[in-house]
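Read from first to last, the chains carry the letters A, B, C, D, E and F; within each, the first residue is number 1.
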Amino acid sequence: MKATVTRKVSFNSAHRLYNPKWDIETNDRIFGLCNNPNYHGHNYDLFVKVRGEIDNDTGYVMDLKVLKDLTDEIICSRFDHANLNLDIPEFNQEIGGLNPTAENVAKVCWDLLRPHLDSKLQLWVVLYETPRNFVEYDGQ
Amino acid sequence: MKATVTRKVSFNSAHRLYNPKWDIETNDRIFGLCNNPNYHGHNYDLFVKVRGEIDNDTGYVMDLKVLKDLTDEIICSRFDHANLNLDIPEFNQEIGGLNPTAENVAKVCWDLLRPHLDSKLQLWVVLYETPRNFVEYDGQ
Amino acid sequence: MKATVTRKVSFNSAHRLYNPKWDIETNDRIFGLCNNPNYHGHNYDLFVKVRGEIDNDTGYVMDLKVLKDLTDEIICSRFDHANLNLDIPEFNQEIGGLNPTAENVAKVCWDLLRPHLDSKLQLWVVLYETPRNFVEYDGQ
Amino acid sequence: MKATVTRKVSFNSAHRLYNPKWDIETNDRIFGLCNNPNYHGHNYDLFVKVRGEIDNDTGYVMDLKVLKDLTDEIICSRFDHANLNLDIPEFNQEIGGLNPTAENVAKVCWDLLRPHLDSKLQLWVVLYETPRNFVEYDGQ
Amino acid sequence: MKATVTRKVSFNSAHRLYNPKWDIETNDRIFGLCNNPNYHGHNYDLFVKVRGEIDNDTGYVMDLKVLKDLTDEIICSRFDHANLNLDIPEFNQEIGGLNPTAENVAKVCWDLLRPHLDSKLQLWVVLYETPRNFVEYDGQ
Amino acid sequence: MKATVTRKVSFNSAHRLYNPKWDIETNDRIFGLCNNPNYHGHNYDLFVKVRGEIDNDTGYVMDLKVLKDLTDEIICSRFDHANLNLDIPEFNQEIGGLNPTAENVAKVCWDLLRPHLDSKLQLWVVLYETPRNFVEYDGQ
């Protein structure tokens, strides 16, 4: 018997969207207000979803306390109250990082979590940038 | 690398559920209070979901601002502060429209949006009629 | 020792805003889309708030189950799945009713509930027309 | 044309997590605070999701009022204001019941509902134990 | 210049409502399902509200991190995953505690917090027992 | 007859908390992570509340569409996707601005709105920095 368990966590971060290969006009045209060079920010809500067998002895797919502590350690303690572009190498485009769109923040969260989970477990993440804009990523 | 992006929009509308081929008693039995001939109404929340490749240059599956503007133009500007049965031909059963159940409102939203999106993108919609009643439709 | 207890209830209704003493142009200018003669609608959330002494024997200001049943009987069973203008005399302007703005719907709810509550209890209501628009009324 | 309809219901219950085959130390290590022998509790939100064909005559996959009444009768009237371990045989481990983890509560809800739904309809459930912890179960 | 700052915290607890001076029939009549002797439970949300001068040097009425840590220590660490009647002396009616209605839980939270706050600060609390039932208490 | 009407708006901004008169150690001790020199950010929700007489002709205290447009023009169009410290003079401490704590952001919003409202109307604002932290300000 399989089930999917989800833990919601949150982090508050600044970011800016731009492509360093483009000139200012192109960045403004594509990213609009999100390209403010002084940054803006969001309260991000991250839902970490894990699917697997329900263990007969515990009744758990995975202890959500363990999933929370793992996510806090790997993601929230790094991303919360940070500037994604400046403080998180994965989003520093000067050194090959990704533009911190919601899609790419979700992808980086997934990439960071995947190695820490049992390979029998499926993983996907849902990232809310605002209550009206959100992204799902499952590694495929 | 694929991701799913979602934009939430809202519209406030009146509607009435009934089948013009049935008599009053049958309509009352099937649709109950929803068959009030004077109409009732809802704050509808529509989640438009699009799945596709994350673009390498933008980090976007699709610019959610573009998706919002498209949805506002095609759906919200028509449905908001409208009577679905009387003001929206797709739900006018006198001229072959559909009964505006949540299922059919979701289907019509999907049908309206689909032609405007790149054929490489998957589309589905989630329509909340109330916070306790909602419907998902993916065109299949 | 006093406390304030609140019970949230909901009703889904159609309505139209207009002043029958004004011509169409004035009504359109003042009420805009809300003046659609075919009506539009909302999921209304009503918070009924009662302040009074905490009873020593029950630990209650007032049993919230009793407050819920009273509100369901007096308000929700009448307003839910109704057209406020056509089905609820309090909002039928042909017979002296009020224009069903959020302010007036809140006032009517308060006026309907007040006679049923002990005079030692203070009453006020909060009415959400949408999650972004709401009104408070306390009878003063 | 298929759609998925969802109805949200709620119940407030006490529970305790433990495995009667383990000693106290092991139960405390695995279940932590959730193993309080005096119980703790939650406001559970249950989303019942049904997928099937949209009926041409009604515009419904299934009348959500019928789905609500069924769920109230089979689940909410039994689980609400109950102690899951003591009052609900499905979670009484003395008589072969399951440990009432969110996973197992979701599974039991699904098992209880499945026989009452048309075999052409797909069923899954989402159970929120808290706004930050939830579980999905689809019978597979 | 004064402002009011609010911090929301949560705890999940079991409880039972009854008056030990009454017989079973009276308790059932007054408290209904809430008098289940096996207990039921809730996800409580507590909003702690403090009003005072905005400090010129910090721009704070009070550091909300300090308010959170104080509330966690004094309330959440004791009430979370607890049985209010059995584990919290303030609600043990055998030893003079209060019946754990929402009103009384709010009052006890206020009484516990008040001595730890500067006397220049006003304090009140809002306690949600469910999203539809909540109570405010200000010590008066 | 008086009522209070509320309109909720949102803006997403970066900010940093610090006092330029203090050294780094003091700022870190007082403001902790909020003193990240690279900024962090939030989705701010602002509730603008106006109390006044219900107009007999319109049934409005104030047209919430007018209140929304005013707030968008004066606050949201300036604060949204901005860095409060760098882009908004009211929070630039180099030129006498205020430290952008939630208290001070609420105060500045109130100060900006007050001159645009009829002096017969009372005004207060509620600013959510996160769903768990919020501030109310009424000009007193």
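Simple rule for what comes next: a residue touches a chain if its C-beta (ideal position, glycine included) is under 8 Å from a C-beta of that chain, and two chains touch if they have at least 3 such contacts.
Predicted model only: the values in this text are computed from it and were never measured.
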Length of the shortest touching-chain route, chain A through to chain D: 1
Of all other chains, the one whose Cα centre sits farthest from chain C: A
Chain pair repeating A-D, as identified from D-E, A-B or B-C when over half of the contact pairs by residue number coincide: A-B
Equivalent interface positions on chain E and chain F, same or different at half: different
Centre-to-centre distance between chain E and chain C (centres being mean Cα positions), rounded to whole Å: 29
Between chain F and chain B, distance of the C-alpha-averaged centres to the nearest whole Å: 34
Centre distance in Å when chain D and chain F are each reduced to the mean of their C-alpha atoms: 42
Contacts with 2+ other chains: residues of chain E: 131
Complete list of chain pairs which touch one another: A-B, A-D, A-F, B-C, B-D, C-E, C-F, D-E, E-F
Residue ranges of chain D touching chain E (in the complex, touch as defined): 10, 12-15, 33-34, 36, 38-43, 80-83, 86-87, 130-131
Residue ranges of chain A touching chain D (in the complex, touch as defined): 1-9, 54, 57-61, 63-65
Chain E to chain C touching residues, read off their complex: 17, 19, 21, 30-32, 98-104, 106-107, 131-137, 140
